[in-house]
Amino acid sequence: MKRIAVFTSGGDSPGMNACIRAVVRTAIFKGIEVYAIHRGYEGMIDGDIKRMQSHSVSNIVQRGGTKLKSARSQEFRTPEGRKKAYDNLMLHGIEGLVAIGGDGTFTGAKLFYEEFGIPTVGCPGTIDNDLYGTDYTIGFDTAVNTALEAIDKIRDTAAAHDRIFFIEVMGRDAGFIAVESAIGGGAEFVMVPETKTDLDAVVKSLKHLRKSKTSSIIVVAEGDDAGNAQTVMEIVKDKLQDSTKDFKVTTLGHIQRGGSPTARDRVLASRCGMAAVEGLLEGYQFHMAGVINQEVVYTPFADCIGKSKPLIQDHLKLVEILSI
Amino acid sequence: MKRIAVFTSGGDSPGMNACIRAVVRTAIFKGIEVYAIHRGYEGMIDGDIKRMQSHSVSNIVQRGGTKLKSARSQEFRTPEGRKKAYDNLMLHGIEGLVAIGGDGTFTGAKLFYEEFGIPTVGCPGTIDNDLYGTDYTIGFDTAVNTALEAIDKIRDTAAAHDRIFFIEVMGRDAGFIAVESAIGGGAEFVMVPETKTDLDAVVKSLKHLRKSKTSSIIVVAEGDDAGNAQTVMEIVKDKLQDSTKDFKVTTLGHIQRGGSPTARDRVLASRCGMAAVEGLLEGYQFHMAGVINQEVVYTPFADCIGKSKPLIQDHLKLVEILSI
Amino acid sequence: MKRIAVFTSGGDSPGMNACIRAVVRTAIFKGIEVYAIHRGYEGMIDGDIKRMQSHSVSNIVQRGGTKLKSARSQEFRTPEGRKKAYDNLMLHGIEGLVAIGGDGTFTGAKLFYEEFGIPTVGCPGTIDNDLYGTDYTIGFDTAVNTALEAIDKIRDTAAAHDRIFFIEVMGRDAGFIAVESAIGGGAEFVMVPETKTDLDAVVKSLKHLRKSKTSSIIVVAEGDDAGNAQTVMEIVKDKLQDSTKDFKVTTLGHIQRGGSPTARDRVLASRCGMAAVEGLLEGYQFHMAGVINQEVVYTPFADCIGKSKPLIQDHLKLVEILSI
Amino acid sequence: MKRIAVFTSGGDSPGMNACIRAVVRTAIFKGIEVYAIHRGYEGMIDGDIKRMQSHSVSNIVQRGGTKLKSARSQEFRTPEGRKKAYDNLMLHGIEGLVAIGGDGTFTGAKLFYEEFGIPTVGCPGTIDNDLYGTDYTIGFDTAVNTALEAIDKIRDTAAAHDRIFFIEVMGRDAGFIAVESAIGGGAEFVMVPETKTDLDAVVKSLKHLRKSKTSSIIVVAEGDDAGNAQTVMEIVKDKLQDSTKDFKVTTLGHIQRGGSPTARDRVLASRCGMAAVEGLLEGYQFHMAGVINQEVVYTPFADCIGKSKPLIQDHLKLVEILSI
């Protein structure tokens, strides 16, 4: 393999730049030419492809977002779109790809490999941590810390006013951000998509806690089965009937996607980026490079997409015990 | 004057603890006994009043929220409530008050002074910066920096995806947070209550900017005349008719009230706290201690409440010029 | 077991408070009485022991340092000291201990168990990450992020001035902080105690890099075999003989021990704290509760102290590759 | 005036990029061509001069350091050097300059104007705040906050161990950073170049404080008359003779120069940058654009360099009172 390309796709996550940097420099270190594709599959179709040098990725390891931009491509979902993309890669002599993204990115990469045989190794770039094949995804640690800093700030004002705060964090299908920010933030409750939320039990506990605590924080994953934070707040408020309390909702939103990546995310991103290039050279063709138990592991895209990754049971137990 | 009390009231703001600390230690330094009233006027009515020592305020200078808690008191609005409060102060021999808060706090203090003659000096504790009689209020600088950090994070993801973000910051009647965070955040537009918002002009500019910029950030004060961020986004989206752009809204909410205070807020809070005690000793009775042009200034509550504080004209000009 | 006590000992680390909180609340949750010993073994000897309630550990999960204070005790190294400590524990009816600390703490706990048979479960509280029996120690992640933020700041000024910076981070015997902050910080070199440092090779590389880079960052663990940052700088400066460059040294020092713990440290600390109490109840008597491969693992103190924990080989490779 | 150039010179400071951005965009907004000179006077001599567009300064408002790099030029101190610089400016048709820097920068600019008549308006870019003609300098607020965050972290570990910490902050001739970080950090003492340091008084106070406080923080400006932090620590340790205390020194160093600028610095930098361009157009030729009492003020370089700027007296009083 003499020439590869790297791109980011889907929702951006902090650490993507560190990962791009690692891919580019590892490739150059190993004597391979490396190109960047801008705006993910969209740029592949448009031929937005440029040669990268070592200095092209200087001073980006600490930056949020993605220097290569990201996009969701409708056209790549069509056979015509993918053919165009393939032709552009051929035009530049690209023999292998590194795809940084999540579920959707790998679904596209898998299909593309099956149709055109372009070897692709993926790096797990998503804040949600919901990818099988890696202990953590790139961007997750930063997102949790961002959520946690927000919770810390909100606790200041919650405590000053005896309030019950419902804080909505990202996580449409997965509660990882919610659970870790709830433990770290000392939240009284956490509501996640993976478990059935029992609002009556929450109300009962709140009544009980009321004697010992004047303010409470409840972390709600956006995809919880009981509804989003606003919905949950209204139900709880209605059931609790406590006029001495203020009920407030804060939806953290897109701040969770940005920001300078944490150490953990930079190290993970760098390691996955290096492993992706090494993986291509070793012959992996439709795999994601993740880190499990401190070791690099290559997992077929089919498993990354198809298998689910459970929450850590101890973590759910912790929220319950520590809120007493 | 031999014995004074300090309390925080209204919405909490970062730096209130630094201010409490300064009041307590300045009083002790000057040989005066100092008490803390918990939960503002509510605690005054309930007699929730405790003696403070120097170590009572150790290790709080860096903390958000307020150690003394805050509340909005309905009962203090009644003559009966105020009479109870007065009786409690007399019971403890309190001869003067330091009130840390905003508009509502000082309105109460003014009335209380007129009825019972208890001298009160106020400290400007509110994140909104909308108090006449001080260049900045305690908590404003922290709130702006919190908003700015959020905008920085959002720009990462906005730039990665070619998005138009509408970010709502606090400010029901005043645009100070909006304007300074817009300048600092490199926002394309800012919408504030003090000026008439012309959405057609914004749409026209966005069309123009579109050629040079792929993403834009628009900061909206919650009290803007055109509506909140969600409303404004919907109108702009409808008028702009650009299907290549994503339109997103983020409402920063209560994170702006919390967090460890910035240096500027700690220094301002400390200075106002010291000045409040000195002011009581010098005979001020219904004044706020603020800092104007680097000097301590005592302004009658009537002016603090009644006079308006304009935005800095240069700041509005900056947003316009710097967004090109 | 009906009554246990918890203490922190040795160098403090961020997350110790989160760990104390978890120990206290898990104990109470399980119906056990829990006491706090202040100032580690010193306080055990002095009888500085107090009953804890759930609210005793409110609002500390986010705080650096340790609420229970820490100390290094000379007296505990004597049989007389340990006897006094034992007598005090008996006086309070303490049947089991949770010891939060590092090497020295566990050495003491092991001896104490052997002499008096008091069951003790440890939690790995040290920023250095040099404890066998856990993937990470409590405080390590925060320390790395603190070092990284410092490196990010220094890179700004290094880049502005074409400078070579030698940044000394903590790590007397272990290079974990150095390696992860070097990867994350995009450093050109890292020098750690675990590997022989070849300054001639560094000088040669710097000469080579000079063509492509105008500024460089070199991370030096305080215990590197080539000397501390100041020493290393002087040798490199002397060998390099490049008058166009400024050579600067920054020693990060004690800021690495403080600060609000990161999400990772709070979650790890909470989990170890819970596991320590559960471990005591399950009959562990001279073990540390750590987390390996996402699972709680109990390791005998003898192994924690005696076995060494190697750096991750991929990490050293990353620094080399990514600095090109 | 049709064409101007901007450069940064001397020690870099956070906010310089925001200032460059404001200069470039204000110029373009007003229909003036704008060039950037790299590496200060050094680049002027080398002819390192490039045309700037609006997008040249995109996405830099939040970045520390200076995109244009900075340098200290020996050659510019010679008449030959300055002649070369002048010739290069003529070659590009530059009719006016914006110089972002401190004392040394303005000394050069003044001389250059006197010799060649090139109008120059300066912006106060230095972390030290020691420039007459502006309430604050660009970078000062960020530096103070960086120092403060470090002090907050150190207090965590100081409190955990009953230690006396001597923290050295920047400030060779001025104590602004020291004083504001000492107030904000709740330090027990501050030592600054502007006032005579009496170590015997410090020792006496420490003995007195010992009864009420177990740990102390002493902030030392690097240019204090009693010596740097290490020297002062050794003297105090020797005089105090208290073996129950640990004495520690931390020198914050270059982290104080870097980092993303605070809101205050970004706003000030933006305003000064705009004012510098407007000043050139209004005919100012050897002036610095600063902000005093919230208004833009143009001060002759001679005064900026020659007149001294005193510390705020209340601030020194605050450190004394608040440390009780």
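We just call them A, B, C and D in the order they show up, numbering each chain from 1.
Just so it is clear, contacts are C-beta pairs under 8 Å (C-beta built on N, C-alpha and C of every residue); 3 or more make two chains touch, one makes a residue touch a chain.
Each chain and its UniProt protein: A, B, C, D = ATP-dependent 6-phosphofructokinase.
Values in this document were obtained by computation on a predicted structure and should not be read as measured data.
J.: Any chains in contact with both chain C and chain D?
T.: Touching chain C and chain D alike: no chains returned.
J.: Centre to centre, using CA atoms, which chain is the farthest one from chain A?
T.: When every chain centre is compared against chain A, the largest gap points to D.
J.: Centroid from C-alpha atoms only, then distance chain B to chain C, rounded to Å. What do you get?
T.: Measuring from centre to centre gives 39 Å for this pair.
J.: Cα centroid separation between chain A and chain C, in whole Å?
T.: Taking the average C-alpha coordinate of chain A and of chain C, the gap between them is 28 Å.
J.: Once you find the CA centre of chain A and the CA centre of chain B, what distance in Å lies between them?
T.: Centres of chain A and chain B (C-alpha means) sit 35 Å apart.
J.: In chain C, which residues are in touch with two or more of the other chains?
T.: 152, 155, 159
J.: If you connect every pair of chains that touch, what shape comes out? Choose line, ring, star, complete or other.
T.: Ring.
J.: What are the touching chain pairs in this one?
T.: Every touching chain pair, ordered by label, is A-B, A-C, B-D, C-D.
J.: Which chain D residues qualify as touching chain B in the complex?
T.: Residue list for chain D touching chain B: 18, 21-22, 25-26, 28-29, 54-55, 58-59, 61-62, 135, 141, 144-145, 147-148, 152, 155, 159, 180-181, 183-186, 212-213, 260, 262-264, 266-267, 270-271, 274-275, 292-294, 296, 312, 314-315, 317-318, 321-322, 324.
J.: Over in the complex, which chain D residues touch chain C? Could you list them?
T.: Checking each residue of chain D against chain C gives 8, 12, 14, 63-66, 69-71, 146, 150, 152-157, 159-162, 165, 248-255, 257-259.
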